[in-house]
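Let me give you the structure first, and then I'll get to my questions.
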Amino acid sequence: MADKNDKKINISGASDMPPMAASLGSMRQNKTASWRSIRPIIDEDKCKNCMICWKFCPEPAIFPTAPPTIDYDFCKGCGICIEECPFDAISSVKEGK
Amino acid sequence: MLEIRFHGRGGQGAVKASDVLAIAAFEEGKEVQAFPFFGVERRGAPVTAFTRISDTEIRIHSYIYEPDILVILDPSLIGAVPLTDGLKPSGKIIINTSRKPEEFSFPEAENPQVFTADCSAIAVKYRLGSKESPIVNTAILGAVAKATGIVSIDSICKAIENKIPIKKEENAQAARETYEHVLS
Amino acid sequence: MKKVLTGNVAAAYGATAARVNVVAAYPITPQTTIVEILSEIVADGELKADFVKVESEHSALAACIGAQSAGARTFTATSAQGLALMHELIHWSARARLPIVLTNVNRAMAPGWSIWADATDSIAQRDTGWMQVYCENNQEVFDTVIMSYKIGENENILLPTLINLDAFFLSHTSQVVDIYDSERIDSFLPPYNPKYKLDVNAPRSFGALTSPEHYYEFSYLLHNAHKKAKEVIREVGKEFGKKFGREYGLVEEYKCEDADEILVTYGTIAGTTKDAVDRLREKGRKVGAFKIRYFRPFPDEEVIEVLSKAKKIGVIDRAVSFGHEGPFLSEVKAALYESGNYVPVYGFVAGLGGRDVSIADIENIHDHMINNEPENLIWIGVKK
Amino acid sequence: MNSEKKVKLTIPEHEVMSPGHLACQGCGASLAMRYALKALGEKTIVSIPACCWAVIDGPFPYSAAGIPVMHCAFETAASTSSGITHAMSQLGQDDVTTLAWAGDGGTFDIGLQALSGAAERGDNLIYIVYDNEAYMNTGIQRSSSTPHGAWTTTTPVKHYKKGPKKNIVEIMVAHHIPYVATANIAYPEDLIRKIKKAKEIKGAKFLHLYAPCPTGWKHPPAITIKVARLATETNVFPLYEVTDGVYKINKVIKNVKPVEEYLKLQGRFRHLSKEEIDFIQQEVNKNWERLVKLEKAFGEDSE
Amino acid sequence: MKKVLTGNVAAAYGATAARVNVVAAYPITPQTTIVEILSEIVADGELKADFVKVESEHSALAACIGAQSAGARTFTATSAQGLALMHELIHWSARARLPIVLTNVNRAMAPGWSIWADATDSIAQRDTGWMQVYCENNQEVFDTVIMSYKIGENENILLPTLINLDAFFLSHTSQVVDIYDSERIDSFLPPYNPKYKLDVNAPRSFGALTSPEHYYEFSYLLHNAHKKAKEVIREVGKEFGKKFGREYGLVEEYKCEDADEILVTYGTIAGTTKDAVDRLREKGRKVGAFKIRYFRPFPDEEVIEVLSKAKKIGVIDRAVSFGHEGPFLSEVKAALYESGNYVPVYGFVAGLGGRDVSIADIENIHDHMINNEPENLIWIGVKK
Amino acid sequence: MNSEKKVKLTIPEHEVMSPGHLACQGCGASLAMRYALKALGEKTIVSIPACCWAVIDGPFPYSAAGIPVMHCAFETAASTSSGITHAMSQLGQDDVTTLAWAGDGGTFDIGLQALSGAAERGDNLIYIVYDNEAYMNTGIQRSSSTPHGAWTTTTPVKHYKKGPKKNIVEIMVAHHIPYVATANIAYPEDLIRKIKKAKEIKGAKFLHLYAPCPTGWKHPPAITIKVARLATETNVFPLYEVTDGVYKINKVIKNVKPVEEYLKLQGRFRHLSKEEIDFIQQEVNKNWERLVKLEKAFGEDSE
Amino acid sequence: MADKNDKKINISGASDMPPMAASLGSMRQNKTASWRSIRPIIDEDKCKNCMICWKFCPEPAIFPTAPPTIDYDFCKGCGICIEECPFDAISSVKEGK
Amino acid sequence: MLEIRFHGRGGQGAVKASDVLAIAAFEEGKEVQAFPFFGVERRGAPVTAFTRISDTEIRIHSYIYEPDILVILDPSLIGAVPLTDGLKPSGKIIINTSRKPEEFSFPEAENPQVFTADCSAIAVKYRLGSKESPIVNTAILGAVAKATGIVSIDSICKAIENKIPIKKEENAQAARETYEHVLS
């Protein structure tokens, strides 16, 4: 099972390190939200719960709930879900600054 | 020797900006050095680059720890990364933003001089990059020229034409337009 | 003509100016732009050469070996894992006495994956029979590519050269470089025309089984070529100076004449050290910098001559021979040993895996030397 | 929002790989791994050589894969996995699947020999190449998987890639291993079925996964799936499998789309002339015909 | 049980006694019989292991790396070109901290092709982070294979070992060897059970991208492991002595206590040198022999302690670092330099490419030291 | 004796290779080179990696080949030749033929990747593997060309080689190079014709030469040709060529002999049981049928 | 053309040697006659000059004269010619002693 | 220490002979060493091998330059290679030949003692190797035992059974028979 731990590992020096580059935690600590310039937003009314958006999200940043939920901590804003949704149920909103 | 540090995000062209600035200064007879802080560059991830400009040979090969000038291509980096680390007292900070200099405060820096210019808008105007992610590296160099006077805007434009492979003209114009619209 | 170029572009322009006939190379960060630019230059017809886009570094060097044996001038470039993958053929090309030129971007060896500066990759080739140069700046990269062909192709030498530049600190750093086109270089670098080559009009075999009767003597000849190369390197460096205004030797001294402490370095750290020396001199410290350009052949005469006059010597290595010490450190000591008089030598490690080496670091090194007994190894900036 | 309404999923729900990884936006390779791990589950050890995935998984001290990952030298995906699978067998952990996961460069080029060796020995492992048709991790250089006509940094527009991509599937079929298949991230159900099938077969199995790369192919990240789908809909990348030497085309496209539709979406083909596009179309047709012939000669229904 | 065995058979029996789980190797003269015998032993079921018959040495070491990372004890063997072809992965296995054992039959590097003794192949791996041992006889080969697992697998060490034996002079020479079966060895060598391994129950990645933030510290840890290994080698050598009657250290002294001249050697030349020392002692010369077993970690303490008492030192290398000098020579000098007091050191090269080194050659070396000033390099028996 | 009576020769009279070489008595590999150089002539540069031929050619300071020989590292026959052919082209010597000449180990195993790379690039060279089905130069260890059932020193009688030999010809055909062929020293006229044909074609050409080794196969030197001939007469080693993808079987044996006749001459197969021999016969039959199918699907007469 | 020179090359030391292992002469200097334990002898009467023996000699140690001539300096006595002669025109004689 | 040098041709088993002799001596409690002069071994080409036998540890690793005993497996080597180089005064020479010792003369050696035995005939008798190329290595060891007395014929036979993979019995008998038929 994936290490669901999303804590940052603190290493102050060699004495905290394993002898070789062995991982100590999950990339979940790396919130990729900041990469996003557009934000996908699901329109519950249009959504038919076909789960195609979930299926094609590369992160994955969508949970297969009904309707699907987007994890904005990780969504990079690639736009695949928007493009692939057969029902145009996902819209793209420019990320604020 | 003047030391300039650029902060941007992958895809915005910070590395290219550091290079073009160096070439512009070189055109004016300076010794120069430009280099990235090399990490794994991915679109969106923070990127740093450096330029040194000097009247004498530049021999040092080490990162810049005490920059004279900071160039910030993406205002969303403010707060996200320690931008002003080591900035010299009275150092200059040039920010791509539609906001005004006085809206920014850098309490950890000693008496910084802040300049702003809406490079994104200008880049969009000249169709540099996409609307969502305009490429602002050339535009912001106009602001650098204006705010610091270390190189002339003509040298910047010449360097752009030298170094930027496509839309040379538009890039140069963007720099010129920014040059005229720097707030301080 | 002066231009602002990265070290990688300078290397590619050097090969172009030297009119290489065959390039065979494989991409690897941070060497990649050398391959990309040469692809462009060849595609544009600016260099009349075949670029063999091989499937690995091993084949890159094999193709160079084949082409050079057939009388072509060849060039390749790589870094770290790629250099290591060539290792068998690095031995091969030296023993085959082929003056191939390889620019290596010094990068740390995996694992963990690292793309940053570290000289272990090239140091680990020190026993193969190649000449090895470490460059301080991009100008030196360009000039060294040109000179390396001239030195290596000298009929008394016939040795390949590994030209090293630090990852990113040179490979991706733009600097002002004075470059020349091939016409200008022609007067300095004559065409390659080796006496022994694959030639259907004078068929010979190359590299056949060699019994204990003869092998030893081939090794002896190879070693002697290195000994002679020291003289040729000095001569060619002077001739280059006359023609192009920049003179080179096996080493470079910076304010060593009257120095009490001399800092010995190579690669980009040498440049930073010069700045540090100036700063330290401003503070009244009598410090000098000694840059070793050629690690092979090792400049023992110069080392002894310059360093044995100092009161203390600090050697800064961007590599460690694990289980021993810094490779430059140990060879400097071995050379000084010959002189019979003892100068305290301090061994420092710095900058492995791309850790930055700043002027402040060099100042700390000097402080350490002033205030402590000699010791090996001192790891500058390590987090324990 | 987080309603309990049951939804029908066409691929396994359980995620092994975690988000937070370092793939570019819209990366086909990251999707490929997501699917592969859904098919294989946590009892899998993967070897990953130098390639984008060496970065995607994350830097020390982190990892995104959710299974043991052996980062290995560029040319050693197969040979490292050979070692792992033999260790598992000697250490009595035969229920662990050994996976080698490499890019096209690490498979078609520098890692081919190790792959060929493992195949010949019949080492018990699944080798998956995710094919993005160039060396992406080092910044888009040609590989022997780069298709005719494509721009890369080492095949600049003036010297764009000439010659077809190496046919890795035929090469692996020629090794007479028990299972060879193609799959495409645009068809995850088919992809997952094939990987599950491979998992059940003993010996060396090979899968060729099509995984577009927006960064290297110069298309917007949003259309990764669209581009991938078009590759199959145009017969540029047919879906088929070869089980114990028996060919089976998994998807025969009724209305095959012109290749141009596929090419025009990608910046790497922007420079192509009409003639070149015609030529590519012909080559695609020829390859398809060849495949049909192979299925005829060596398919289930062949005598 | 005593048997008459070649060095290669002794190596294969050592691996068998150590109960290795996975062997991956590729044939090359003169290592071949190791591979052949292990094939037989595995086929006969005497060793329960998988023998992976790889298609190259590169894959051999890769397979060992994979298997060892997954928790298996692995063994491989090669020589010269094969070792060189592994070079990238030699670095890899050290940095991955995998206690693999590799027996290398020292053979000369091509071209010209040579299958005869020469230590350049292994010397050229000195910067990779492996431990390196040079064996004098077949007993030492067998014993060293066993001890290397114990030393390498120590949780403070985790380092691979390169065990070297001279081509033909050991690999194909039969001698009396006292061997033990695995039952007897079990009490000395516990099963391998590493803390960090590929484990589906505790998934980790190994070898990921490592930024300049951490890489330097991994190198530091690797170097420190070598430092600690010196102590562990001494301890394990003593424990082995207690259990099996033969004690080993990093070095071996032979009549050095009162020696005026000490001859420093390694590999089979060390044996011949002992005989030569006896002959010279008979002639009234106060000579001693100093055998360096471990070249990595380098035994600087022992070198300083023993050698700085001599009046003259002669180092005999079966390898040359072309463009520099003998590798053992230079490192011995570098170590002695630390001591601050100067003993004249003479550098000799001998036996490259299988040239025989006889007792008479060693006597000549001693004569040369008596009658001449120190000099580098003296090529014993070269035909000029 | 040395009469001037004219004799009719079926292969070129001129000898390029000289006697005095170091091949064992009755070595098939030495004959193979003799024929190849008759076909190619003196304007040829050959790369020879580690293999028996590295020894056969003779030690420094001698050579038997009669043409320039580049002894090269084991895995580099193809890549060294790539370098040579590019040098020849740059130096204006396009009339020189570049030959890579390697054993089965240097081709099927350690040199496969370099060969694949050269093939993919289309480098202008002829690659010839002389196949003696094991690593002979190091004393008879298995290679991936070792056939099922054979003893070698690394496949001892108790663990004799299991699994078929790698099908190098299919692998090279899958590379879509202009010419791939098999040949056998027992049929020198066919062999020489094929090498001459390869010489006239531009690009990467591949020939698979069957060359028995009395030392490694454990048969008397005198029957080298007999053994070789039987390999073809039993369909163990059919003669065929693939020109631009078009298959052609060059010799269809009328009365195919049982494989046993071939096996029983060789000590390396001595231990085989009746069942194993039957199995081998079946495999030979299957391979032949496969070849016939391929010719049918991709031969000159296929639609 | 093959170097027909069959002289032994004399090398007294490094100064006589090329820098790399480049050949200086032909293997013709290596008379392999001593390898032979049997000697093939052609019976002129039986010989039909088909040249098959010449064709299959691996050295080559047969000249294509009519009838063929065997070069006993090089013939290693492999026996192929004896085996392959369709007319049994070559006999095998044990070498001296 | 006794030093023995074997001369034969590829295929005759000289290397094996040196090994078996060493094992025989080891069985009698000696320290031993055996090794070939390694070249490229081809059937028919000359081959040399060495055995050392000693009461104390053998540390030297160098060829034998001054042998006590020469063992010649193939008489056609006489004259072809410098067989007697370095042979100690009164050294023994054991030759596989049907001829008598007095038919041989080695003027360059100092007072050599020559022994002969028709090992080939004996090997053929026991079907060791083929008629044309009998394998004489075991047979000749019988002659060595007899001529030199350095090991007993029983030890030789034991070593043969230990070390020779096939026809153990026949090989041992060949050695015994030769032992009985040495001429001096």
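Every chain is named by a letter (A, B, C, D, E, F, G and H) in the order it is written, and numbering of its residues begins at 1.
Definition applied: a contact is a pair of C-beta atoms (placed from the backbone, for glycine too) under 8 Å apart; a residue touches a chain by one contact, two chains touch by 3 or more.
Since we're looking at a predicted model, the values are computed, not measured.
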item: Those chains which touch chain D and also touch chain C; value: A, B, E, F
item: Pair with more cross-chain C-beta pairs in contact, given B-D and E-H; value: E-H
item: Whole-Å separation of chain centres (CA-atom averages), chain D against chain H; value: 63
item: Inter-centroid spacing, chain H versus chain F (mean Cα positions, whole Å); value: 40
item: Separation of mean Cα positions, chain C and chain A [Å, integer]; value: 46
item: Separation of mean Cα positions, chain G and chain A [Å, integer]; value: 76
item: Junction residues of chain H, two or more chains touched; value: 40, 42-44
item: Residues of chain D whose C-beta touches two or more other chains; value: 22-23, 25, 42, 54-55, 57-63, 65-66, 69, 71, 73, 75, 108-110, 112-113, 116-117, 120, 144
item: For chain E, residues that touch 2 or more chains besides their own; value: 53, 55-56, 81, 85, 88, 92, 95-96, 110-113, 116, 203-211, 214, 217-218, 220, 222, 356, 382-384
item: Touching pairs among all chains present in the structure; value: A-B, A-C, A-D, A-E, B-C, B-D, C-D, C-E, C-F, C-G, D-E, D-F, E-F, E-G, E-H, F-G, F-H, G-H
item: Chain E residues touching chain G - in the complex, by the definition given at the top; value: 111-112, 382-384
item: In the complex, chain E residues that touch chain D; value: 21-22, 24, 48-50, 52-56, 58-59, 62-72, 74, 88-89, 92, 198-200, 203-211, 214
item: Chain G contact footprint on chain H (complex, rising order); value: 42-45, 75-76, 80, 132-133
item: Of chain C, residues touching chain E in the complex; value: 81, 84-85, 87-88, 91-92, 94-96, 108-114, 116, 118, 120, 123-129, 131, 206-212, 214-220, 222-223, 226-227, 229, 296-298, 319-325, 327, 329-331, 333-334, 336-338, 340-342, 345, 351-356, 374, 376-377, 379, 381-384
item: In the complex, chain G residues that touch chain C; value: 2-3, 11, 13-14, 17-24
